[in-house]
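Both complexes shown next keep subunit A, but they swap its partner, so subunit B is in the first and subunit C is in the second.
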Partner chain A sequence: MAITTAQSPFRTDPLTGLRIDLTAQALVKVNAVLAVVFLLVGGTAGLLVALTRWPAVHLLPADLFYMALTAHGIVALMVWIIFFEIAVLYFVASTLLSCRLAAPKLAWTQVVLMVVGAAMTFVAILQGDSSVMMTSYVPMNAAPHFYLGLILFAVGALIGCGVFWGTLVIAAEEKTYEGTLPLTVYGCVIATIIAVFTIASGAIILIPTFLWSLGLIKSIDPMMYRVIWWAFGHSSQQINVTAHITIWYTVAGLAFGAKPMSEKVSRTAFLLYICFLQFGSVHHLLSDPGLSSAWKIFNTSYMMYLAVLASLIHGLTVPGSIEVAQRRSGLNNGLFEWLRKCPWGNPVFSSTILSIIIFGFIGGVTGVVMSVEQVNMIIHNTIYVPGHFHGTVAGGTTLAFMGLTYYLIPVLFQRQVIMKPLAALQPWLFGIGTSIFAIAIMGAGTLGVPRRHWDVTFAGQALGFEWPGMAQMMLAIGEIGGVIAVLGGALFCVIVVGSILIGEPVPANAKNIVAPPADAGGHKEIGMGGFEAPGTFILAMVLFVTLVLYYFVNFKYLATLWTLT
Partner chain B sequence: MSNEESFRPTVLQRILDDINFMMCLGLVIPTVFYTLWGVMEVATIPLGK
Partner chain C sequence: MGYSFTAPAKNWATEPIERTEILWIVIAGSWCLFMFCWMIAWHWIGNQNMANEAYKTTPEAYAKKVEEFTAKYTVRQDKSDPSLPVVAPPPGSDVYLAASRWQWRPIVEFQKGKSYRVHISSLDWDHGFSLQPENINFTAYPGYDAVVTMTPNKTGTFGIVCNEYCGIGHHTMLGRIYVKE
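Then we have the complex of A and B:
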């Protein structure tokens, strides 16, 4: 039921009881729909890349392969994700704080700038003279509108962050919340702080590069470019990590009534993120000459571990809070009854839990190990690297965003999700496909298969190379997984767009879908052996042992390559 | 002790709640340890002759 007056342009959502600012709702819808459209574009480019890397198919010629790879990187890693993050920022700030959105005209400017910027860059790529891949390392030269588009897109995103902070100011002045900011909003604050550092770094390097492409600057130092570009390129992925972890907390709260096991510990983990997470950028530079080991090791093997500690805390507290909520609701038998009886067929839950598992076991574990300077030598610039970041960005971030989308379709678009059996299947299709892809190509990378290469065999070239059969098989398995993941992503787009266009309206008397707070009643004596969440503790130990074993296996492998006599 | 004093947030809580201070930390720390230090490393490489 919409309650709209000239003074109060809000409606109260019947499913959640949330008070929603209609202007914010429109902006969230537009940003989210644009995000899904760009996911479809980026996924299509990804399919072309997968079908070319698959040795038996090898679909595209070299020029089109690099064009598709550039489009896939820019659109899937940046455009889809940042549009969705802006939607999340507006939703969280206005709806969860029950506050009007600050500066709606600026917010619409954000939409226009990001659309124009993304379109300019995409057109430059399609014109064929900007196949420089996402990193656009100098001295490879793209068309000026390639860089200008990225700059406009980044300015739009910065405006979106400003609107979010402005809304926090309004909420504080109008006292729409009491005490400290809710943890979900707090997580978004941390994401925007990382975003400001990221966008500033992007401006520092992309504006001169744009001027260089126009011939107004004579040259850009390639090494300087790499150092500053990665403060932009990798930190943009740290925004994603913070955003998807915030979504984990949100879904745990909305779907289970779960409360963080310790608000203070979770917030301290976010503090570690803003202080240390961006240092992970150095792992792209661990093989660069001219940069000292002191800088490399300080940034990765010392400071970055504090950010890893924060991720381990989030990875423990989110499932832990779900376990506590489930146990309080009566699922208190044994170690894992609470987990077995989770709603595995509900795409909101399955997307979120798969995001946690894939991010932790694939993206997280490999990211930590590849940040060790010595071990990095084994896999640097191999196809292992895309395997790692598909574990974090596709398996972690994209799946978490998919889960939140399923939650928001009935809340914001007031439509029911269509094709429910397929919607239940979709996160599994995408998650399993992504996992197969990531693990298999990391295997190929460990055997030395290079990344970003149209033909890894160098067939017909003077320096042709015969890879072992295992590497060829890993590539084939990985790309089959990639195709499965693209099918899962395409199914997501069809379900979301279909639900918005032809989904049944949510009935006015629909049941509230927000779970009541788990500590409001129910069972008081829960857990085993003094632990409230013993199952999560066991799972966390499994993750920790996996990390330690993987770490030493890689050092053992390094030792077999570099024998000491 | 008054109620107001007994509910005074801890130092850590006050730091965590001060989002402007958090913004400063989030900009200064990576700028100093990653960007400036990294740029100085590149800038001090001797030029080839």
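Then we have the complex of A and C:
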């Protein structure tokens, strides 16, 4: 049934009961579809990289390898993710608050700017004289339109954040919701605040670099570039963390009727992100000259690890809220009945739970350890680093976004997901492939294999040497995992595009997929020994022990090295 | 009401926190505090730390220092690459290593158990100093002369790999350090 207001037409989604602004719906669709298109482009570049770094295949020549690697970094790490995040922002602000989207014309400007910017940078890369990697460290130089494209893209993203905030203002003024902002919206507010900091840092360094590439500025200090660039480069990953954790909470609510265990705890943890997450940019500068240890320690620890504490809290409270909801609905036996009887074949759920596990155990544990000032010396710029951030960004963020996409296809496009058995398989294919990739190349990195390197066999080099057989095997296993992950990603793109184009319409009498109130079953006394979520607590302790052991293993290894003072 | 995507209950700010969460916050928070103290403590109890010593320089000035250093202590030409001098500085002295596209120069020879003040800088773009198989990694910038005091505890032939991407010849960029008894 469609409802029309004075400002903008709405429809009420029969499936979820959500009141959807049609303008917002169009913009969410466009941003999400563009995101998936760029995921396909970024994934293809990733496949070429994986097939080249797999020593037995070694597909591309050096120049094309470095070009593909630059494209993969920028498209997969920035373009796909930010387009999807803008879609999430518009959806959350308008649909969850039953509000019209602010300034639709500006929102369309966002789309145009981001498309033009991404295309401009991508073309610069394909032209061949901008294979400078995503980081584009000066004084290495790219073509001017490489930087200009990134600047336009960032301006578009900034406009997106403005539209989101404008929508919140309208929702508050028109009283489209009551009381406090929902946790999901609150998480998005945190993400956009971090985004503004990120984009400002990017502007501060990329605009002078663009002018330098035109010859208008004589030189850019390499240290200044790295310090400010990482305030942009790493912070953009902090937006992703905030966004995908927000999505975990949202999906837990949508798929299980889970309520946050404690709003107070979850909101405080998000607040810690605002205060401390940005310091993490210094992780990339730990092995750089000219910066003092005191400065490095303060920043790399996110001011006494308070942002790490926040992530550890979310890591417990999201699965904890699912456990509480499952137990309240009757699955209250033993430690793990609630977990066994989760809908493992539902891609919305499996994507989310795999995202939580991979982000925690692979991305999180390694991230905390490698960002220790001293341990970084045995990890910096080895292939361990991409291993780590594929655990966070591919296994964590991308997988979480995939899960939300499966949820949104029937809501926004009013189509059913096609090829259901393959859709059930897809998150596992992508998640397991990514995990194999990340773990194996971190193994190779621990043995010293460098990142961003075309030929680790050093063929024909007088000073060449041979890596341990284990390192070469790890590289091969890792890249096979990478190929599996790309297949999983490609399957995702096929399913999404296929569902939109040829998916069957959602039947009129379809079940409301927002779960009924969780405590309707009357199971008030849940859990064990006074703990409402004992199973989650045990799992969290497994993570904790893994982290502690891995931390000390690295120090033990570090202690065997040459003395360095 | 009270889902993550709907407004929270009115009393959300005063609701008691469940026991699972409190215990986890205490455990995780204690560990965070420990990691922070341990990272500081390693500067006293550990033997592997980042040096805080660095100087502003220019590629020209640094290249000159490397040249003088090489001329002073060269003992032979290298067997693997006869175009490269092998430099054997006395223990305790300043050692100048230069990264440029696409080579680490010169090759140096250290004695096990002796300390050297190793200077690392670049003459053009950013480069990586990755000592293998020890797996010790630093970044070299142009214009910054970083000093780290190294004391080898093993003998052998050690490769220096560039692990900061530096253009099309990046994968051919290598160097070497010999450590003898």
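The rule is short, and it goes like this: the second predicted complex is superposed on the first by the 549 of 565 C-alpha atoms of A that agree within 3 Å, B and C clash if a C-alpha of one lies under 4 Å from a C-alpha of the other, contacts with A are read in each partner's own complex, and residues count from 1 in each chain.
Just so we're on the same page, contacts are C-beta pairs under 8 Å (C-beta built on N, C-alpha and C of every residue); 3 or more make two chains touch, one makes a residue touch a chain.
Predicted model, so just to flag it, every value in this text is computed and none were measured.
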Comparing the two partners subunit B and subunit C, which touches a greater set of residues in subunit A: C
Touching partner for A:S201 - first (subunit B), second (subunit C), both, neither: first
Partner chain in contact with A:G290 - subunit B first, subunit C second, else both or neither: both
First (subunit B), second (subunit C), both or neither touched by A:V227: first
Partner chain in contact with A:T180 - subunit B first, subunit C second, else both or neither: both
Which of subunit B and subunit C A:E504 touches, first, second, both or neither: neither
First, second, both or neither for A:L271, with subunit B first and subunit C second: first
Intersection of the subunit A residues that touch subunit B with those that touch subunit C: 180-181, 221, 223, 264, 290, 292
Residue ranges of subunit A touching subunit B (in the complex, touch as defined): 168, 180-181, 189-190, 193-194, 196-197, 200-201, 221, 223-224, 227-228, 231, 235, 264, 267-268, 270-271, 274-276, 278-279, 281-282, 285, 290-292, 295, 298-299, 303
In the complex, subunit A residues that touch subunit C: 62-63, 66, 96, 131, 133, 137, 139-140, 177-184, 221-223, 226, 249-250, 252-254, 257-265, 286-290, 292-293, 296-297, 300-301, 304-306, 308-309, 312-313, 316-317, 320-321, 368, 372-374, 376-382, 446-448, 450-456, 458, 461-465, 467-468, 527, 530-534, 536-537, 540-541, 544, 547-548, 551, 555, 558-559, 561-565
Complex contact set, residues of subunit B against subunit A: 12-13, 15-17, 19, 22-23, 25-27, 29-31, 33-35, 37-39, 41-43, 45
Contact footprint of subunit A on subunit C as seen in their complex: 2-10, 12-13, 15, 17-21, 23-25, 27-29, 31-33, 35-36, 39-40, 42-43, 46-52, 54, 80-81, 84, 115, 120-121, 124-126, 128, 130-146, 148-154, 157, 159, 161-168, 170-172, 174-176
